[in-house]
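Heads up, the next two complexes both have subunit A, just with different partners, subunit B and then subunit C.
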Partner chain A sequence: MSIRKKITSKPWLPMLIWIIGIILVWEIAATIVSVTKRTPENVLPHLYQIFGQIFSTKAVSSGKTATMLVLDSASKTLFRAAIGFITGTVLGFVLALIMKISKLAEKTIFPYLMLIQMVPILGMAPIILSITGDINTSRIVIAAILTFYPVATNTLAGFNAVEREKYDLMYSYAASKYTIYKKVLIPYSIPYFFTGLKISAPMAITASILVDTLQGDGGLGSMLSQSLKHAMSIYVFWLIVFFSAFIGIFSSYFMGFLEKAVLPHKRKTKIKRKDDAV
Partner chain B sequence: MSDVMEKIKTEDRTVEIKIRDLGMTFKDNNGNDMKALTGVNLDIYKGEFISLLGPSGCGKTTLLRMIADLLEPTDGSIHIDGRIPKEVRLMQKFGIVFQSAVLFDWRTVRKNIELPLETMKFNKAEREQRSSEMLEMVGLTKFADHYPVQLSGGMQQRVNIARALAIRPEILLMDEPFSALDEFTKEKLHKDLLQIWRKTNKTIIFVTHNISEAVFLSDRVCVLSPHPGRLSAVVDIDLPRPRTLEMRETQHFNELVLKVRNSFEGGSL
Partner chain C sequence: MSRKLKRKKSLWYRIHQNEKVQSAETVLLPLLFGFLFMIMWQTQKLHTLLHTDTFTLPLPSRILTIIADNSDKIMLNVNATVIVTLAGLVAGSLIGYGIAVLAALFPKWGSCGLKIIAAFNAIPIVALAPVMTNWTKDVSNHADIRSMVAKIMVVTIVCIANMSINAYRGLTELKPFSEDLMCSYAASKRVTLIKLRLPNSVPYIFTALKVAVPSSVISALVSEYFAEYIVGVGRQIRENIVLAQYSSAWAYIVVACLIGIIMYAVLMIAQSFMLKKRA
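On to the complex of A and B.
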């Protein structure tokens, strides 16, 4: 088997190569940094130093170990991100539905949706904060704002991708508009909806972390800025970076997993068209 | 051959679909009139297998869509047992089979077949009984719980046909249903379709651009010519029934193919 065939037949192989490659590059760089810089852990510590922190029992801040601290803040951040994400998802889906039902709504809403998306969240955050007057609420609102756009646009794309023949068929059954939405448009759009979720889940988490940094009150973001200011071990900073990356990637994969759980036909493999048997 | 002709003539020949001076004019991008179809007069008999044959642009699909009330004619009229197509559509008497199988990916084969029945508010027991019947008719009972992605092109097209028949339509409208399939699959489905037709006695209107397919399947072949789309001939196919694949090798079959080929106008073929 050629290398090309091996890679295309085993989807995990490129991922493994990437991981090994990144570890290699990281460690080479860390080794260089450790002999050239005075405080190498502030620039680029070795990976074992970072992951060693996970199992360290040494308290880094108010009697908590690094791992406890990260998990504690993560639960706060993730909770806000999740509420924002769910709100944004519902809003996004409903908005897509409204835009599909009414051309007028699509024409008046769609261009401005894009505009909201163009405002940087760091610029938006203080505005939302001053409107809501509460940092927690504004974190949720911002996560929701970032979520609803990919959900709305992808779901709408799904509605619009339904082939003409499907409408013709339903028309020939004398199906009502409601039936067409229920039996054709909405089920058809679900994979598109999940594409939106896969994009927006890590975005909601990123937004939540980013908005954390604006003000204290726990959360990965505030821990991140505190640890960077040397209020505690620098390894907490690195742990948070890795952990955030992990949950970001995980959240997206989790949406893919949910999709397969909800849609049984996505679990079936396509048959090869070559041996087309009747 | 004469007794075959007799048989066709003495069979029940009530006119079911009456098409008079039918025409369809589209507006093109520059706002100019474009005649897709003009001056079609045709009677289609009950229980008949009739083909609409022609090259692309001859208006055969347009004609089918007008009968199905998917398109409103700009000229002339269509009456089906005295009713306009819209009434017939609302009475759910059409079964439509498109070239692509138009299956619903998220539904199993059985659920695909049951979709029109759900739409028409059949209860669960009735739906299941009918879908089982249809699955058996198209030989897919074993695949009832498969999803469309797991089926071959030929199987998907059988599901498509089964779904169209599930509502027990009076008229089955087929728009190039087999043109995307390979020769072997096509021949098998030709045989199956003729068998189903014999069993169910539907009127079948079959759109195709394949001359020998049209001759093999039909009682009559309507030859349409393009620019503008018009009906240039109706050829009686007096091959005996049931049709067998061997008939395609006979001289008479070839004569009929030639006759159909020669009735195209414009000489583009």
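On to the complex of A and C.
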């Protein structure tokens, strides 16, 4: 095989070229914008300008550099998002379990589970804030509600996807209900559960950032809105946009990584039709 | 299983197994649950449970009166939100489907491109909305038009990723041997696309839309927060909260839920019509 063929057959090559292409398009657009617009840094700054901020030592707000500021507020936001995410995950899993155990509960709750996704929870953020009274609690509640729905529906889909034969086998062993759940249903539903987690992890972060914008006590969202109002350098805004995009993507990948860590036997085989339950 | 060994099934069991009773249960149980919930809300039991008062969580009767009294103003905002949602949904789904078709035709480059688009899906709406507002500053001199364009663009981006990923699965996950059959007919790529891939992707389109409809409503509401022009259901929720008019805010929340529910119901009806022939 020639060297050229060796390089072109690498699986990561198309990915690399796509990313280079996107960066090129961005830079060309940024160059056009910088000539034509009055305030190019508001519309589309050059990438090096944004990432230059990471290494700049100039203080943007209260003696902190842009990187320190972003990381500081990100740690606050992410911590709250994580608590809400974990709460929602546990609740979602337990609810799915309850719905599997009792047909009655499933029939009663499931239509409302469908309705919950119609309720604009993010739009309701201010209301939840006024009910709970505390910004931190409301952040956790909102992140939990957003997490809860995909986890519950996907896990339930996993429970319901268990084939008849598996039950028959367990019945022939005279297995108790507890054993069936422990040995068959719960292990079977775990990949579906992780599909739910992959969907809800970025949502929990979005929720946490959005709630930040409501009240200024630090966090990515409040920095975002302050920077938009030109209370500090606009590059902080761009840095936050990139950073939140990155953690959104990363959180989803992190769930995939966890899945692989928990389920070694899933590393090769792909689960098909897994998103159908959403 | 021990039940089967009994000579007579108990009456309760027989009632429970009856098909008519079962189908009645699926309708009645949720209704009963909702009814109980509303009663608890109206009689303020819910308020004691959540440690809140009728000011922050108004009674359903009060919310309904407000909706009835302000129907003109509410309809104005509903129109703005629905236009944004639908325009974004249609544009995003069409673009997303187009991308999926391209990706299916050129799988080597396409599947990688889709991975990047899927990554875009994880970008929070709160980061997208202000960027779009900045980008559309020069679209028009009227604040209402340019903020509408910005909102539509946010919804479009949210829909593109979702539709392209699902449609790509529909276009590529074909029934076994069907591709070989097309090959044995010496069918061209174009014919395979039209006769095999496109029809195969229809159920996947609905899977995508089922996710896209709620998320496009929500992204429309959230993008209104960051828009210049103050209009739309989402923005009104926020404006009313800032003014501490919680009951009006609740009225808009109920309206926002209704928009989502109605659009979802329309989608379900469309799905049952479109997929009827396949059953």
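We adopt the following convention: the second predicted complex is superposed on the first by the 251 of 278 C-alpha atoms of A that agree within 3 Å, B and C clash if a C-alpha of one lies under 4 Å from a C-alpha of the other, contacts with A are read in each partner's own complex, and residues count from 1 in each chain.
Going forward, a contact is a pair of C-beta atoms (placed from the backbone, for glycine too) under 8 Å apart; a residue touches a chain by one contact, two chains touch by 3 or more.
Here the structure is a predicted model, which is why all the values come from computation and not from measurement.
Judged by the touch definition given at the top, the superposed model places A:M124 against subunit C, while subunit B stays out of reach. By the touch criterion defined above, A:Y171 lies against subunit B and subunit C together after alignment on the C-alpha atoms of chain A. In the superposition on chain A, A:I101 makes contact with neither subunit B nor subunit C. By the touch criterion stated above, A:I86 is placed in contact with neither subunit B nor subunit C. In the superposition on chain A, A:M68 makes contact with neither subunit B nor subunit C. In the superposition on chain A, A:V162 contacts neither subunit B nor subunit C.
Residue contacts after overlaying the shared chain place A:T179 against subunit B, while subunit C stays out of touching range.
In the superposition on chain A, A:V241 makes contact with subunit C only, while subunit B stays out of contact range.
Once the two structures are overlaid, the count of subunit A residues touched is higher for C than for its counterpart among subunit B and subunit C.
Residues 171, 276, 278 of subunit A lie at the contact with subunit B in one complex and at the contact with subunit C in the other.
If you check the complex, the residues on subunit A that touch subunit C are 14-15, 18-19, 22, 37, 42-44, 104, 107-112, 114-115, 117-124, 126-127, 130-131, 171, 202, 205-206, 209-210, 213, 221, 224, 228, 237, 240-241, 244-245, 248-249, 251-252, 272, 275-276, 278. The part of subunit C that touches subunit A in the complex is made up of residues 1, 25-26, 29-30, 32-34, 50, 52, 56-57, 108-109, 112-113, 115-116, 119, 121-127, 130-131, 134-135, 137-138, 166, 173, 207, 210-211, 214, 217-218, 221-222, 225, 233-234, 237-238, 241, 246, 249-250, 253, 256-257, 260-261, 264.
Residue ranges of subunit A in contact with subunit B, taken from their complex: 163, 165-166, 168-175, 179, 183-184, 187-188, 190, 263-265, 268-271, 273, 276-278. Taken together, the subunit B residues at the contact with subunit A in this complex read 68-70, 89-90, 92, 94-96, 98, 100, 102, 104-106, 115-116, 118-120, 146-155, 167, 182, 184-185, 188-189.
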